[in-house]
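Provided herewith is a single structure, encoded as structure tokens, for subsequent inquiry.
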Amino acid sequence: MDVLYFAWVRERIGLPREKVETDAGTVSELVEELRAREERYAAAFADLSALRVALDQELADFDAPLANVREVAFFPPMTGG
Amino acid sequence: MDVLYFAWVRERIGLPREKVETDAGTVSELVEELRAREERYAAAFADLSALRVALDQELADFDAPLANVREVAFFPPMTGG
Amino acid sequence: MRVQVQEENFDPSAELEHFGRGKDTGAVVSFTGIVRNNSEGTLRRMEIEHYPEMTKTALHQIADQAQTRWALNDVLVIHRYGRLTPGARIMMVATASRHRVDAFQAAEFLMDYLKSRAPFWKKEITDQGADWVAARDEDEDALNRW
Amino acid sequence: MRVQVQEENFDPSAELEHFGRGKDTGAVVSFTGIVRNNSEGTLRRMEIEHYPEMTKTALHQIADQAQTRWALNDVLVIHRYGRLTPGARIMMVATASRHRVDAFQAAEFLMDYLKSRAPFWKKEITDQGADWVAARDEDEDALNRW
């Protein structure tokens, strides 16, 4: 599964995207796995209310299932316009 | 006093402006005097709810006093924009 | 602030080119009104009559009100009179502000007031004859929201 | 309908030149967003990051929604990414409709959704350092009116 990071999430984790092998059933479970990896992940995912997630380029909730998802993206609330 | 007519008020009365000598105290009294003149005036002023009035280029009510007013204009509701 | 009442055409693109530019402007909203043909396509032209002695004053008052109510860096109002064919531009307003909400609200306010409080009257000349455009209740009602 | 995501500048005047023209268009509304300096004038540049695989889809979805909700003859959305200096244009939307209310409402809707639902993130680089622009509660709240 491709995992993408944007804005300060990207900066805290230190990379824009990576391949992740996971059996996580939901976004939240994936977040738990990432948090457990290293301090920089724990820092990036410290406050989920400050984060948004997209599954295959569609906004989703943190309890959304990951079955058949190819691309997960984490980022702060968007500031377009 | 100058009296001006616009749009279909002008067309019904048949002229864009005229000088009127009057002792009318209010717009309504002036309208009564004009109505009494000729059928074309009576036709133009038949329905006051379809008319608007401006005194010296400011929108006013039909019961507004005419003291010191130099220019009265009658016209239908505006359709700008 | 600039208010123009004119018979000749105008170019919204050129008008917007440098409108409201300055370090404090983050939002520019523009509205352009165009002569629309009727559904049968029988409109030959529109004739716009106005009350010259009153028009500029009325437009300035409306623009002043907008500037009092919203934080605007600039306001532009252009309104034409005379004969216009379908597709011709009738008028435009533009507003510039720091944030988008002021520019949008002020532009809508200007349009609502221009519709019902600026001394213009439209006559439509179609293949069937000539008719003065009637004021619409919803345009008068629109003023109540401000 | 046209949606463009690009690094290079655009010319709102040129974009509006023929936008929405046709016998059925009576109203054209445009919004242009510009990089505003801060009150101290210390902004050096803004950097806009985006999520390319998602951006165009998201913008198309937002524009489609606008076309479903209002009677629009045309919709245009342009959004830039990359480095922008104060005074530079960030984005624009334009809407064309028969009556002014549809064009205004659709343009405001597009802006509200672009602000909070299109995958762009702004970073401000000032003399003091770099900071990601925080999303504002009022921008999120603005979505509730639609």
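Letters A, B, C and D name the chains as they come in the text, with residue numbers starting at 1 for each one.
Here is the rule we use: contacts are C-beta pairs under 8 Å (C-beta built on N, C-alpha and C of every residue); 3 or more make two chains touch, one makes a residue touch a chain.
Bear in mind the structure is a predicted one, so any value in this text is a computation, not a measurement.
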Chain of greatest Cα-centre distance to chain D: B
Mean-CA-position distance for chain C and chain B (Å): 26
Intercentroid distance (Cα basis), chain B paired with chain A, Å: 71
Whole-Å gap between the CA centroids of chain B and chain D: 48
Junction residues of chain A, two or more chains touched: 81
Residues of chain C whose C-beta touches two or more other chains: 33, 100, 111
Chains that touch, pairwise: A-D, B-C, C-D
Chain D residues touching chain C - in the complex, by the definition given at the top: 12-14, 16-17, 21, 23-37, 41, 86-87, 98, 100, 103-104, 107-108, 111
Residues on chain C engaged by chain B in the complex (per definition of touch): 33, 49, 51, 53-54, 57-58, 79, 90-91, 111, 114-123, 132-135, 140
Partner chain D, residues of chain A touching it in the complex: 4, 6-8, 10, 54, 57-59, 71, 73, 75-81
